[in-house]
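Worksheet: one structure, shown below.
Chain nomenclature is as follows: A, B, C, D and E, assigned in order of appearance, with residue numbering initiated at 1 for each chain independently.
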Amino acid sequence: MNPALLIAAPLLAAFIAVIFKKIDKVVLGVVAVGNIAYSIVMAVLFTGATQIAIGGFAPPFGISLVLDSYSLIGILLVNVAFGLILLMGTKLVGRYGIVLAVSLAALNGIVLTGDLFNLFVFIEVAAISAYIMTTMNKQLKHTFNYLILGTLASGLLLFGIAVLYNMFGSLNIIDIASKLAISGVSAGAMVLPIVFIFAGLSVEAKLIPFGGWVRGVLKKSNSLVGPLLVTGYAAAILLVFGRLTSTIFIMSDGLKIALTVVAVATLVLAEFTAFSKKNLREVLLFSSIAQSGLVVALFLNGLTVAAILVLVNNVVSKLVLFALSAKIADDTGTDKISELKGVFTKYRVLGVGFTIAAMSLIGLPMFFGFVAKAQAVMSLFESGNLWLPAVILLVSVIEGIYIIRILTTLWNSGKEGQVPSKDAQKEYKLNGFVKVSIVALVIGVLIVAAGILPITNIKEFLSSDFLSFITRSMGGV
Amino acid sequence: MSKKERAVAKRKKKWDGISNFFRANSIWMLMYCTGCCAIELPQAMTSKYDMERLGMGPMATPRQADVILVTGYLSVKTLRRVIYAYEQMGEPKYLVAFGPCTINGGIYYDAHPVIKSLDQYLPIDVYIAGCMPKPEAVMNGFQDLIDMIKRKEANGWRKYQENKEWYRENQIHALGELRIKDEFHE
Amino acid sequence: MITIIISILIALGILVFAFLWQTTLSGITRKIVGRYQKRYGPRFYQNFRDIFKALSKRGITHGWVYSFGVIMAVGGIMATVMFLPLFGIVPFPGVDNFFIYVYLFAVGMLGMAMSAVGSGNPLAGIGVMRALTQMVGYEVPFMIVVLAMIYGHGTSSLSELAAIQQTSGFLSWNLVKMPIGTIVGFICLLGMLGKKPFETFIAPAEIASGPMVEYGGKQLGMLMIMHELATFIEISLFVNLFLGGATPIVFGETTVLVGLSSVVGFLLKYSIVYIVSALISNALGRFKIDQVIKYFYKVPIVLAIIQALIVVFLGWGV
Amino acid sequence: MGISIGVGTIIVGLLISAVLAYVLTKINKTTGAWVTVLAPFLALAAVFLLRDSIGTTYSLFFLEFELTEYGWFFSMIMLLVFACVSFFNVYWMKKMVHPAAYNMLYLLALTGTLGAFMAKDFIGLFIFWEMIVWSSMFIIPFGKSRKASVVYYAFSALGSLAMLYGIFYLYNAFGSFNIQEVLKLAATDTTAALVAFITIGIAGMVKLGVFPFHLWLPRAHGNAPDTFSPILSGGLVKAGGFAVFLIAVVMPSYEAFATQLQFMGVSITSYIFILFGAVSIVVGTLMAIKQDDFKKLIAYSSVANAGYIIIGLAMTDALSVGGAFMHIFAHALASAAAFLAVAAVSHRTGTTKMSELGGLIHRMPLTYLVYLIAIISMAGIPPMAGFISKWMLFQSMIDNGMVFVATAAFFGSIGSFLYVFRPLSAVFLGQLSPKHYKVKKAPVLMMIPMIILSGLTVLFGIFPNIVLRIVSRIQTSVGMEGLQFDGTKIIGSNGSLDPTLIVVIFGIGFMIALVIFLLHPKSRKVELMDTYTASEFIYTPELLHYSHSFYAPFERLYKNAPDTSKWYKAILKKVSEIGGFVSYAFFSSKPRIVVFWIVIAMVALLWGGSV
Amino acid sequence: MIQYLSIALMLVGIYGLLSQRNMIKLIVSLNIFEIGLNIFIVSIGFVKDGLAPILTSNHNSSALLYVDPLPQAMVLTAIVIGVGITALALALARKLYKTHGTYELDEMEGE
């Protein structure tokens, strides 16, 4: 099974779409479905970690793709998320079919690639398609901001990569990792490339203070771009983060603390910001920033499994939440929470899907979020860290408050101090909500299933092969 | 009167006799101090004449009181209140009227809003003479009341019950409306 | 079964004695107060006259709760009296717990409050409000002092607390052992009795005798009985807790004589406490209700806590 | 069929009936509501029958349950409350916007409580614990306030996440989730015990509504649908007692903290908990006195009563724990009954504001009696169940010489007379407002549960030993000394109590009073408005009704007292402000500002990394 | 030496990003930054006295000293991407100019 097909097919689709402009949506749909199917097939047939060389150069020379359980999760996540977002926002695709196809290719590339420079290229391609996509929001000023920052970030990343190349003479991640293991480069020497790579990735991963572009771009984004940037992009970038931290980030204690401080500060500050916001999409985007911070913090502490679970939970639930919020905002013209009282009384299925996703996000048991949070907290305990779990749990109180504030308002009309009644219900009209509702509900069912099944025996689950094989086969070594 | 009824009446009489002993020596007053005669009551109550000696004492509300003291003249406005207070009292109840004003209006005999003759409206057990009556007269009057209670002659409240229509007619004749609505409480 | 019936009979005896004694003493006190004010004063049995007069009158009722509350009040207070030990005779040994008096007493108070407010008169409501507010004031310091006492003596039985004080004469009285506590207890007693300066909830001139505003006839009579009994409970609690209960005034071999003299001793102490409180009451003016609370939470409660801390931490007064 | 009833069956049955209730309510509202009546009753019967099989473990799919003595006790209380309250659901269906969801969540909340009480391991406990939280969290906004639900969630989350921290800490330390096993192990390790005590203790305190986590109670209880307030106050809050019981007694804390500084007979950690309880008694009492809303008043009284419960549990001697259990039981019955009385009043009059009501005794006499019995029990006056528990608690407080705690407890006890009397006076007694002339009696179906609860309150006030024997068994099952009895007497440490005798004597006193009453002339019945007004003519009953700011002179004394909710508001405001600052400073639309931060951050990182 | 120069160029670019408010100037700054970066990368692969890494008939032994070719390939890619981005940025700037009538970011209205 050659994973390169996942990258090649969308690229091909993009070219076809350039030529045959009329069928771009069809091509895009076919590619998206095909990618999902192909990645599922790959997951089923997966036997062990492999490196696939591109262009006939054997690794470490030339470009290679890495197919291990880690990237498998990545491509599943990215492709499924992409497919679902596309399904929910088909109408919005418009003339952006080509860009979307390119971005799909780039995202798959980011997840799969085993080569640092190739990574840079894919990130750039993904970023460029993101810049173009964000013009859909008609917020060009913010797009320009994003463009400047994104370019600067990839410049920093490239600088870091260049320094690494200078040090090891290789661009292959696995190769660098093995060289690191052999040569025993001092942690001090690694500070420069790590900080630059970290900074470069952080801009895309939206860490505070790097991701300054996020608010402007996502605040008014529609149900196609927003979810894609929050889920697909975030997932891909964070997975890269994980791969790099677990392989080539040999950090001194000081650096580790410094980076962890950035990640934890992002977690805390972003949750605080989300708490202070009054608009649905703004709340959600800051919440996803916070989750990125949490994921990065977990990666930095070497807790790959927990980080992946948190990431998956965030992707899945944010997908639903952001898509539905953007949908509601598109159709009602506002996403101010206080102006959306009782939206769900009419659109109950939508509401149920939203609620399940939200409750998973805050990590209530019986939902997948609990599994993720439990894993995070427990593995932090196991690594002897007592304060980070406390921070995570305290912050999720704040998170819970704003999520529940949204839920109670959106489910119940009526003034404060009065019993809600049907007469006081404001009329809302959503177009084509059936498709969205079904997607939300299906994801909801999956979240609940994924939340209940592991706790059948959480103790064993948390130490099961299923999870540990992610780390075991990671890096292909 | 059958034997049984007679026995009941006898027992009742006996019971009344005992009750009257207590009643006579424990008279609680409601002082309706509308007129100048009220000024004599403090003297009667305090150390010089010591009303408590007779078991008498002031009370706060008509419900608790046995005797209502109308100390002086009554106007149309105050009579209504006196009637209301009197009707709120528990039976047996007594009424002691002070001074000439309660008899014929006294010095206000020609004032149009003053009620001239109280006994047209409420049954009076004892009048106390004097304008104003001296404390000795007041004490004398109370002693008379006590004697009357002992002799079962203080039956004003019975008279009021029996002749309710007549009293009511007089009251309405004089006052127009017994219970008025004023502007303060609506 | 027989023992219980005997106990109940003893209790009924105590009840009757309590009523007769306290009512007489009230009359005597009225006389004393009369003399104190240079008056002649009523006969010593004046209170009996008042009570029976009230009972014989035909009053009014404002509905069932008005009468039911009165019955509950009198019943509750009577039950409380029946638990009281008197002259060392304990009708129900072992269960004459201090808290029973406090809370069983509350049944009576609740009944009365219910009945009073049930009359529909706002003044009654205000009176009850003041009574309850004042209760918050005096009960807490009193209970803290008693806490210290129970902690020190290891028992909460009233008769045992009294018996402990009778072991070595005057010096074993809590008056001597816990002087601060006794002062607090006495101030709280004034509050309990509703004597001036803590007469806020009756305040005849202000709120027309508060809870009693609507009563006349037999309900009033019953409440007067209740008042006498309640006074008896409060003062005997004080005497038993602080003044050694039924201590003999004559010492010697003859048990009968000593026993009788202990009865006299109890009654003497009882009378002194009651008369002193009545005299204090007649010499003082009345606090406003918020002043009452402020006073109780400034002086007695602090003293009570000091007393309790002395007992608990220093072990003095045990 | 041969299906033996077990805990698993009950839980599954309740879950199925929750779904059933949802579906049936969609079809017919009343039918759905009846499901919520039947299901708790069946579960009650089933759990009652399980009495003999205490100690057995059950498994359901993946969850493991163990029926313990205390789990059984708590479950019985909870089921009793749920079963009684559910009658009211039938009347509330028309008033709800989401009746089907309400019925389902109602049963889910019940499932959650049962599951939590019977869970064998901490994960099960936590899952069901959170199930209680979110099911009730969705019900509360069906009432008057959306904010209340958020406040409720915020505090609950604080508690349950603290608990989660504790659970994982213990798992990390001892490698097991089994409650009994872990707690026994924790007792040997002071640090672990301390962490468990604080974290799970906070969870319990939050649920109980102990200061400083009490703020959700008045908001949630006061604004929840009238039928759900009794559940919250009588039922769900008691789950907090369960959590505190686990760490204080099952662990047991007196062994775990034996090496700590001992103060007033308990360890300093326990004493701090006790102090929180004492503060919440005072705060609850003072705030309850102030309230004008009937439901908020009872909610604050729950805060005060939670203080007693936590004091009793944290003192960990036989009498205090017994008292706490009795108090949990008595208060569950009493506050459920009181809230049901409120619900009945609200059903008939449409308001719970005390200043708008009055004189309802003449229209709803039975409801009045129910409320009367409930408040007598809440105020701890004999012959109700509440007195027994308070007596026991006072006994052990005095025994330990806890002066300050006892001061608070005495204050709360006397203060409770104030606040329980206020609704009695303002709602039921006094003048009947003309707008309520046509108010009818509470419906029969509402009366049934109210009478059951009141009857039980009286019954267990007279014969508390029925309950106390169970409590005693619980105590011995967790390795404590049990309570002592002698016939109907309860033996305390410095005295004993014979509630039955008290009732007998009270009966005699009452009979004497009745005889005196009947012997004397019959009273004349007069109108309610015919009352002493200094002979002034007044025609408006509202003006003759004293209910507005009832304890004004007393309230004045503490009107400037610090308001706890302000602290939380200040914290959240700070959080918001920080958020606003972050949003303003870091998330600018101007590239140069973000570039500036990137540069700064990179310099900092390079510096930090090279240190 | 050339490496320090390139880093200086990058810093100039960053200074431009920090100080400029004009979109065109920002794009120029970004390009300066990229040029500095590219020079830096090329300089990595520089080997003193190395030959161009092209196999010819004269130089066909792997033992010869070559300049590292990979950085040059990387830079080529980077330049291409940079051009693409510059084009996109300019297009955006133009579009913004059309709506707002200015290239100054601070003078644009709206959020």
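Rule of thumb we're sticking to: a residue touches a chain if its C-beta (ideal position, glycine included) is under 8 Å from a C-beta of that chain, and two chains touch if they have at least 3 such contacts.
Since we're looking at a predicted model, the values are computed, not measured.
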Query raised in the report: In the chain contact graph, what is the shortest path length, in steps, from chain B to chain C?
Result: 1
Report summary line: Touching chain C and chain D alike are B
Report task. Would you mind telling me which chain pair, D-E or A-E, is linked by more contacting C-beta pairs? Result -> A-E
Query raised in the report: Of the other chains, whose C-alpha centre is the longest way from the centre of chain A?
Result: B
**Report entry** Per Cα centroids, the chain farthest from chain C
**Finding:** E
Report summary line: Rounded to the nearest Å, the gap separating the Cα centres of chain A and chain C is 76
Query raised in the report: Quick one: chain A and chain B, Cα centre-to-centre, how many Å?
Result: 94
Query raised in the report: If you average the CA atoms of chain A and of chain E, how far apart do the two points sit, in angstrom?
Result: 29
Report task. For chain A and chain D, let me know how many angstrom lie between their CA-based centres, rounded off. Result -> 42
**Report entry** Residue numbers of chain B (touch at least two other chains)
**Finding:** 61-63, 88, 90
Report task. Could you list the positions in chain C whose residues touch two or more of the other chains? Result -> 56-60, 208, 213-214, 217
Query raised in the report: Counting only residues that touch at least 2 other chains, which ones in chain E make the list?
Result: 14, 17, 26, 105, 111
Report summary line: Listing every touching pair of chains gives A-D, A-E, B-C, B-D, C-D, D-E
Report task. Would you mind writing out the residues of chain D in touch with chain B in their complex? Result -> 524, 530, 532, 535-540, 543
Report task. Would you pull the chain A residues touching chain D in the complex into a rising list? Result -> 141-142, 144-145, 148-149, 152-153, 156, 188, 191-192, 194-196, 198-199, 203, 208-216, 251-252, 254-255, 257-259, 261-262, 269-270, 272-277, 286, 345, 359, 362, 364-366, 370, 373-374, 377-378, 381-382, 386, 389-390, 393-394, 396-398, 400-401, 404-405, 407-409, 411-414, 416-422, 455-459
Report summary line: chain E residues touching chain A in their complex are 10, 14, 17, 23, 26, 30, 33-34, 37, 40-41, 44, 70-71, 74, 77-78, 81-82, 84-85, 88-89, 92-93, 95-96, 99, 105, 108, 110-111
Report summary line: In their shared complex, chain C is touched by residues of chain D numbered 359, 361-362, 365, 368, 372, 376, 379-382, 387, 390-391, 394-395, 397-399, 401, 403-404, 406-407, 410-411, 414-415, 417-418, 421, 424-425, 429-431, 489, 492, 494-498, 501-502, 504-506, 508-514, 516-517, 520-526, 528-532, 534, 544-547, 550-551, 553-554, 556-557
Query - Complex contacts: residues of chain B adjacent to chain D - result: 61-63, 80-82, 84-85, 88, 90, 179-182, 185-186
